[in-house]
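Okay, so chain A shows up in both of these, paired with chain B first and chain C after.
For the complex of A and B:
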């Protein structure tokens, strides 16, 4: 059983998904999805333990040997991401049933859970597999279910957002597929481990250069790296709130994982950073992304848009960390990956609670919510503080390592710029705080809206679970720092 | 109680935080809530005084709470400088609570529970700052102090308070993230540690330009020290209820700022390194300019609290100058000035609040003849003014004496002149207030069209003082100013103990 954990990690949600269709009531399928997600979460914890003690786990699918069969390969980086994805998914699912009752028609509840589990399975698969074509397959599973999930949003603009994402996502996936095809043509293998060896022999050819470029651009599209980010704000804003919380915390993380996996393991550090001017490219785009998106966030009227832009900015931080091409920089990125998942999970889930209660996330409708929904708003404030990077929150841990890493490579101006950018975070977070706490409640009756009450426990429990882990992991940094350090060391160590 | 000193140290930080919860739960019963506040502050005072005795007996008390990252921990320890700050804050907290009860009830303020709760968090973080054993711990509590005082500054919830809160948070959080945090991480990178060590943590052969830049970042980044150009938050914070201005913006918050500056100068850079850094001179002039400019601006303020705020900015400059001069006398002067100015300024704010709630006056021009109506308050105001100016019989005399000695020792004649001029300006902007309050006729012989009714009603005026609680509080602190003049020895000994610590290290 233990040896099969690797495949169970992906198979459980993948099989659970169609089973949801057969369940009669939506409550039952919610429970079923929750249990399956919980099981994946437990598996991922077991896997992490195993990886940290005995090292990389290799699992050959159907006992076919590697070059012919598909190989699943869990190293520290994968195990770290598996935990992030599966635990966030479980916590988000806790609130799912209550939230979709308001936002999605009753007859589509089952479909919702099917799609949710499929996208979960896809993300886990991308991270677990050691085969580049398999990556593409799972990427498509995730993406297709993501398009449909976003389209479930009750706002009619959700369709347009989903369509936009579909176009961009498909272009991205196609680019990745082209890259994979070219690599296969040159090396005759799809196994990542083999690729990393065989690519050495042919890495001076133009084909491989083209393959790398295609894959890089394709991932950047999925990543919503500035300036390829246009699909993200609308997709996040108009998707059902639960979907936003889930994707904001996980899907861009998977794309970051792919970027790291391809540049560091498959193509190898020395190739990646010399074939393309990756360092300059990632640094400049990352910094631009941080500033442009943070400034855009300040001007948003819809709070979901606001945090979506903030997500783009946070991706910028992660990319800057990668661009440093040092253990410390990569570690900072990995830490921020984990920490950002906690922050945005908490924030978007709190927004889901607000939508459930007030039906709106327009900034102007936040008036007086500080009094009416004290616990939910307190969660948003704490999540916001974490986003700013106040000590004793996870945001501070990320900031500390990012700045330290920048100083270590002698990029003093970059360190300053990253700190200055957190001032922008203060501004956009405090716009919400001021409206929620200083403006008197809007005359609700006049707008045909009842006076908001505190959110139900179904929201409060997961939201506060995430908020308290924002604080817990801000103080007890052992787990995240240890794993991130081990993962980045092994990644940098892998490359000659 | 048989508590070990280390657990007392932990409790002195935890206690106010626990009190916050108690205050929040007893919110519906104001008397019980206030009892919790006062009780906590007294217990805290007891703890701190016990710790003080422990320090005098030469015990070294320190406690590691939590390892945050390898080499970086939340840990607390006691040294003389922190003791001064902790003693000042813990002595003044119960008095301020006493004052608040009178003030808040008379003023019928809303959200009093939130007020007392945030107050307790702020005091807990002050204790954390005072006893912090390394720069990281200090920074953590520094930020908590900023955030916990934000609801106090914006207490009234008006548009004006919102704007002030923006400025307050923007400047304090902004400078602390961009400059202070950057300086801390740079220090960590260069020195490999953040522990407060006597004589500094930088290697003697550290790149002087680099260390000088880090020093600039520190001085600019510690926004709570209100060095110009990052001083605007302090006048803005005056929209807060007066007890907040009194304890937080004359004692806790601003003193946390200059205390951090002192700590950084003495324990991160060390006096030897500080005196050879290229940027020290520039920062000294910046602080000197801050002292003079703030004094000039204070003269032009008609709102009493605004005038006091600018006076605070100017006085904080004194402490920063003392820290940067890095001579034995100046360090003694600076650390004594933390205490002296605290007692003086808190009294002045108490008086300002008492005048506001009793006579409903906030403008200085309206305060003529007020001395006849509120003799005790205005007498206290007079004594406290002397303390700020640095004249006997008030404690400020000593600290300013040592600060001036420091400028002489290091041959900084320009700064000595600046401090001298500023003291004259202090006289010019503080003393007229009590003098006119007691002798309105002399000044109203000049035509004063704005307040024609005043002269008529002087004879009708009766003694009508502030609520008893508030009156008691401001009398105690005014008395404190005098006591610190007559009996400054314990304070002096603590201040020199800082030097003895560094003296030991120099001999090594």
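For the complex of A and C:
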């Protein structure tokens, strides 16, 4: 049983998804989805324990030997990502039923859970597999369910956002497919481990260079790295709130994982960072992304848009960490990946609670909410503080390591720029705080709006679960730092 | 040299045509057609990679020494399925967009969205 955990991780949600269709009531399928997500979460914890003690787990599908058969390979990085994805998915699902009652028509509830579990299975699959073509297949499973989930949004703009995402996402995935084909042409293998060895022999050819460029651009499209981020804000803003909370916390993380996996493991550090000017490219795009998106966030009127832009900025931080090409930088990226999942999960879930109660996420409708929904607003404030990087929150930990990593490689200006960018985060978080706490609610009531009540427990429990883990991992950093450090060391050590 | 690699030329030309249509055309259906051409070019790339001059299908019989590599062909079967799913979803979205906005032109939709903002 224990040896099959690797495949169960992916199979459980994949099989649970169609079964949801047969369940008669939406409550039942919610419960079923929650249980299957919880199972993957437990499995991922077991896997992490196993990986940390005995090292990389290799699982051969159907007992076919590796270069011919498909191999699932869980190393420290994969195990770390699996935990992030499955735990966030479980916590978000806790609030799902209550939230979609408001936002999605009754007859589509079952379909919602089917799509949710499919995208969960896809993300877990991308992270678990050791086969590049399998990555493409799982990527498309995730993306297709993501497009449909976004299109479930109430607003008609959700349809347009979903369509745009579909076009961009398909181009990105097809680019990755081209890259995989060219790699196969040169090496005759699809296994990542095998590829990393065989690519050495042919890495001076133009074909491999083209393959690498295609894969890099394809992943950057999925990643929403500036300037390929245009699909993201609308997709996040108009999707049902639960979907936003889930994707904001996980899907870009998976793309970061792919970037790390391809540049560090498959192509190898020495190749990736010399074939393309990856260091300059990622550094410049990352920094530009941080500034452009943070400034754009300041001017948003829709709070979901605001946090979506802030997500693009946070992706910038992670990419800057990768560009340093050191253990420290990579570790900071991995930490930020985990921490960002916690904060964005908390923030978007709190917004879901606001939408449930007030039906609006326009900044002007936030007046007086600090008093009317104290617990939800407090969660948003704490999440915002974490986003800024105030000490005692997780945001501080990852920014601290990022700055340390920048100083370690002697990039003083970069360290300063990242601190300046945090000031921009203060501005956009402050705008929310100011309106929610310091404007009288009278204005809103004059327009005939009911006084908002505190969100139901179905929201408060998952939101505060995430907020308290924001603080817990901000104080007790042992677990996250230890795993991130081990993962980055093995990645940098892997490549010659 | 150039003629020997004609399959790749076809791939590249189709790829560029597809990508151009996706970028340049404002009609939602045309964009999806472009996307299809783009994806089809990748299928041809994979299939032609597997082909060897004078080979046959990969079936074990006597007197056959050269056969094409079946793996890329199988991979492309999967990719075709993905492509069909994407196309179906894209077209479904286009229908819903037409119902909601009363238009399937990118410009009109963006104008209507900007008015609402």
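Everything below uses one rule, namely that the second predicted complex is superposed on the first by the 488 of 496 C-alpha atoms of A that agree within 3 Å, B and C clash if a C-alpha of one lies under 4 Å from a C-alpha of the other, contacts with A are read in each partner's own complex, and residues count from 1 in each chain.
Operating definition for what follows: a residue touches a chain if its C-beta (ideal position, glycine included) is under 8 Å from a C-beta of that chain, and two chains touch if they have at least 3 such contacts.
Note that the coordinates shown come from a computational prediction; the quantities given were computed from them, not determined experimentally.
*Asks:* Touching A:431, do we find chain B (first), chain C (second), both, or neither?
*Replies:* Touch partners of A:431: none, neither chain B nor chain C.
*Asks:* Looking at A:73 after the superposition, I want to know if it touches chain B, chain C, both of them or none. Which is it: first, second, both, neither?
*Replies:* The answer is neither, since A:73 touches no partner chain.
*Asks:* With the two complexes superposed on chain A, say which partner A:137 touches: chain B (first), chain C (second), both, or neither.
*Replies:* A:137 sits against chain C, while chain B stays out of touch.
*Asks:* Please work out whether A:222 is in contact with chain B alone, chain C alone, both, or neither, and reply first, second, both or neither.
*Replies:* In the superposition, A:222 contacts neither chain B nor chain C.
*Asks:* Between chain B and chain C, which residues of chain A are contacted by each of them?
*Replies:* In chain A, nothing is touched by chain B and also by chain C.
*Asks:* Going by the contact rule set out above, which residues of chain A touch chain B in the complex?
*Replies:* Where chain A meets chain B, its residues are 385, 388-392, 399-400, 403-404, 407-408, 415-416, 419-420, 422-423, 426, 430, 434, 437-438, 475-477, 481.
*Asks:* For a test of understanding, state which residues of chain A touch chain C in their complex under the given definition.
*Replies:* Touch residues, chain A against chain C: 133, 136-137, 140, 144, 147-148, 151, 156-157, 159-160, 162-163, 166-167, 170-171, 173-174, 177-178, 181, 184-185, 190.
*Asks:* Write out the stretch or stretches of chain B touching chain A in their complex.
*Replies:* It is residues 66, 68-69, 139-140, 143-144, 147, 154, 157, 159, 161-162, 165-166, 169-170, 173-174, 177-178, 181-182, 185-186, 188-189 of chain B that touch chain A.
*Asks:* Which chain C residues qualify as touching chain A in the complex?
*Replies:* That would be residues 19, 22, 28, 31, 35, 38-39, 42, 45-46, 49, 71-72, 75, 78-79, 82, 85-86, 89-90, 93-94, 96-97, 100-101, 109, 113, 116 of chain C.
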